[in-house]
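Take a look at these structures.
Here chain A shows up in two complexes: once beside chain B, once beside chain C.
Up next is the complex of A and B:
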């Protein structure tokens, strides 16, 4: 009877997570007529276009995970060391919750309107600072531009994920270190950083997966179907010009699932380490 | 399929005998078999609903078409996923087969429409105007799909940028970071047709789009072309002030800008079009409303709505010839328009294969 309460949750994840994942995995081993085949898996694996897209996806996710994790962690640290119930803290956490979900069409629109070729900053800069870097908007329409946009939702997500860990750093540990004659750098080297590292890496992995699977933002900013793997999947599902190929979509998704499974396994291992010291405190 | 067709054609004979026999509207292939338009209307009012999919309101003034149908027949319209692609329309019908949610009617680009001919996806239906529709016989003599309206590609742009008199004007510095193409050619027929249009203006053919691609490369290299996928909001706010798109979408932008006291102009360097085709789903949960929708959109009334939205109805040539075209429609799309030249499915497949590598090489980002 005790398990009854968990049933809705299991039904939900089963229906919306496990079943779709299974359908993607089984679909990757079939052709478009439902016949068992590994031809598509091989074809995609050796396709230079699919490889480039996958590489772009990985590079973008890696960049934004690292930048997002570092900046987000620093920001979380300022919050954690500040006044806990203060208004800055409250506003920042509320803002982070909202901005972590800020993506897609609206995010692209916000950046285009601000930094785009026809945006506010460029219009002002061409008038007042024509020789500055602000007077050229071409950076926005590139991999780096996309990375900046992704970082915009990565940083607040990092703050949300990492803040609880920082708040769990007991002041007593610092006091104990000080009392035993430890210097500030020794505290960080031997206590702070080792304790935080698993959490930090785990959060970074989460960010990695977050941008790896992002679609809507890239779809508007970079109008090229083969640029990132999620865009390729969309084309394979919806192409109006004869590129529709469900088996290809499922195979590409399968390779993405593989990456996510690796990342999430690493995440689970790291969490194990984290919970160990969280229990001991 | 041949067998189904024979059955379908045999139906009128069977049904003409007992006038009051209960009709199976999902098998009806013309208004004549349904007791005329009035018979269709009676049954549709009983069904009470029409399911549509992938009909954006800004697209060829679909809003007026949907409102008109609603007002005339007093039925509810369940408009699903307005931004879906042609392929997704078919997928939705197959996935929801046998449910009340399945779409009743399709609005399909040629490539997808032809791909599903004779697969049991469509219920053949011959509208009353069929004989007068341009291209109906050549596209599909078995009327599973019916060409309904076509658009001409154009370059829409903000009037504040001056005037475009020739294609090369786009290379001028005043267009730096301003030119966008609606959709990627690998996925979007609009994107593909945009390349066809530029290509044709430069003397290229549907069989070889390299001239068009070279022009886009030049545009990109000097920084005038941006890879942004334009949306209603990027256009309205001026983030994509020059957009290569369907004329019947741009016609809506012109009205929108005029309402805001601004000017949106259009320049068409070469006439390239694509026809959209209507079809009744074989699994339509509201078979009478589905057929009535076909009759409505392909009627003279429907044609005048298309014309008002900047699209050329396949009935237009006939209406102009018989002097039945509305003055407003003529003011909007003109008299002499026949369907613009369009690529065949095979030409598009070949162009797509070429663009798979040539397009990112020309306008790709790093």
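Up next is the complex of A and C:
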């Protein structure tokens, strides 16, 4: 009898979550007519276009995860060492919460207003540094431009994810290290960094998944269908040049899911390590 | 706590670099949206800001997004949360599968869900009718991990004793779930609802591909005809969210809105 209580939820998740997931995964092993085959999987695997897009996606996600994680962790450290509950802390956390969700349409407009044609920095650069790359908006539409944009939402996300960990560092450890004659760098080298590493890597993996799955920002900034895998999926799904290709969209999606599942499993393993010293939260 | 000179130099250089990176684009948005119109190259004009109310598509889109958010919240309140409590109370065997199901969307990027749901969505729009309900269904799945996180308070409260006491006093199961257990985890539910609103108002991927004119899709559309107005709308909504986040007391939010850390 008690099992009846979960039926509505199961039906709902079945319709909106399990069915789509299943349809993508099983669809990757079918052709466009529903016949079982691995032809599409192989075709995509060897397709140079898909490979380039996948490589771009991985490169972009790795770069922005590393840069975002390092800068975000440093900024979280300034918050953790500042006055707890002070106005700087409050404003920074609120700003981070808002900006971590800022990806997409509004982010692109913010950067076009900064570095784009007629933007703030571009106008200043054409006046004072006409020979620098800032005087020309084209860099914004490249890999580096996308990376700069993505980092903009990666840093605040890192702050949000990493701040609780830093706040859980026990001051007693630092005191013990100081009392035993340890220097500041020795504390960080031998205690701080080893203790924080699993959390840091876990957070970096979250950031990686976050940018690997991102679609909106790239879609609005560069309308090039083949540049990143999410863009390629959208094109395959809603092709404007006649004839969408659902099997291709599903196969590309399947490869994306494989990467995300690997990253999230590594994340779950790392979290287990972390919870040993963080248990009493 | 007295900080050494070295620490202070480090702190301030990090703060200035990050602040510069995060705040310059925000200031540039203000600058861009108040740029003089036409050939004038001096002074400021609030033309773009004044044009916000006359954007025809904007307000229907905001209404549509808010309605979607309300449906998402209803799904959370009347389906996800009661099921979580039900599993806790009656079906401890299912706790682990329930958790896995709730965390599954973390492994499925939004674009992949769209690929899976597009045929179903098209079928519903053609054969039934087009409504925000389908969209809300997909959104509520996307925030399932966050909802699940915000329900972690269920572990802290001894809901079994509460439920037993209530049963002894003659409460029905519905009353236990909605009137007795849910109020004890109110903070978590409020957090979850807040994330729901933030997600629905900021979502672009799914609504764009499914051809649904939500807030973000319309901003992008405005951007194609008048960049200044689009920038003004973006800045206005961002400032609105930041003020909202500052007003909500930090302590009650249990750390951060996006407490993905402990997933």
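The criterion applied here is as follows: the second predicted complex is superposed on the first by the 249 of 281 C-alpha atoms of A that agree within 3 Å, B and C clash if a C-alpha of one lies under 4 Å from a C-alpha of the other, contacts with A are read in each partner's own complex, and residues count from 1 in each chain.
Going forward, a contact is a pair of C-beta atoms (placed from the backbone, for glycine too) under 8 Å apart; a residue touches a chain by one contact, two chains touch by 3 or more.
Remember, predicted model here, so these are calculated numbers, not experimental data.
Peer 1: Return fit or clash for chain B versus chain C, each positioned on chain A through the superposition.
Peer 2: Overlaying the two structures gives a clash between chain B and chain C.
Peer 1: Quick one: classify A:94 as touching chain B (first), chain C (second), both or neither.
Peer 2: Only chain C; A:94 stays clear of chain B.
Peer 1: Is A:179 contacted by the first partner chain B, the second partner chain C, both or neither?
Peer 2: Neither partner.
Peer 1: Check the residue A:234 against both partner chains and state whether it touches chain B (first), chain C (second), both, or neither.
Peer 2: It touches chain B and chain C both.
Peer 1: Which partner chains sit in contact with A:105 here, chain B, chain C, both or neither? Use first/second/both/neither.
Peer 2: Both partners, chain B and chain C.
Peer 1: Would you check which partner chain A:35 touches, where first means chain B only, second means chain C only, and both and neither mean what they say?
Peer 2: Once the two structures are laid over each other on A, A:35 reaches no partner at all.
Peer 1: Would you sort A:118 into first (chain B), second (chain C), both or neither based on which partner it touches?
Peer 2: Touch partners of A:118: chain B and chain C.
Peer 1: Determine, under the contact definition given at the top, whether A:49 touches first (chain B), second (chain C), both, or neither.
Peer 2: Touch partner of A:49: chain B, not chain C.
Peer 1: Is A:142 touching anything from chain B or chain C once the two structures are fitted on A? First, second, both or neither.
Peer 2: Touch status of A:142: first partner only.
Peer 1: Residues of chain A touched by chain B versus by chain C: which partner has the larger set?
Peer 2: The partner making contact with more of chain A's residues is C.
Peer 1: Examine A:219 and indicate which partner it touches, taking first as chain B and second as chain C; both and neither are also allowed.
Peer 2: Once the two structures are laid over each other on A, A:219 reaches both partners.
Peer 1: Between 97-105, 241-249, 313-321 or 349-357, which run of chain B pushes into chain C after the superposition?
Peer 2: In the superposition, chain C collides with chain B along 97-105.
Peer 1: Counting contacts the way the document defines them, which residues of chain A are shared by the two interfaces, the one with chain B and the one with chain C?
Peer 2: 105, 109, 112-113, 118-119, 219-220, 234, 237-238
Peer 1: Where on chain A does chain C make contact in their complex?
Peer 2: Within the complex, chain A touches chain C at residues 2-3, 5-6, 8-9, 12-13, 15-17, 19-24, 27, 71, 74-75, 77-78, 81-82, 85, 90-91, 93-106, 109-114, 118-121, 151-152, 155-157, 160-165, 184, 199, 203, 206, 209, 212-213, 215-216, 219-220, 230, 233-234, 237-238, 246, 249-250, 253, 256-257, 260-261, 264, 271, 281.
Peer 1: If you look only at chain B, which of its residues touch chain A in the complex?
Peer 2: That would be residues 84-88, 91, 109, 111-112, 115, 176-178, 180-181, 183-189, 191-192, 223, 226-229, 231, 233-234, 237-241, 345, 348-349, 351-352, 356-357, 359-360, 363-366 of chain B.
Peer 1: Where on chain C is chain A touching in the complex?
Peer 2: Listed in rising order, the residues are 3-4, 6-7, 11, 14-15, 17-18, 21-22, 24-29, 31-33, 35, 75, 79-80, 83, 86-87, 90-91, 94, 98, 101, 104-120, 137-138, 140-141, 144, 198-199, 202, 204-205, 208-209, 216, 219-220, 223, 227, 230-231, 234, 237-238, 241-242, 245-246, 250, 255-263.
Peer 1: Sort out for me which residues of chain A touch chain B in the complex.
Peer 2: Listed in rising order, the residues are 49, 105, 108-109, 112-113, 116-119, 137-138, 141-143, 219-227, 234-235, 237-244.
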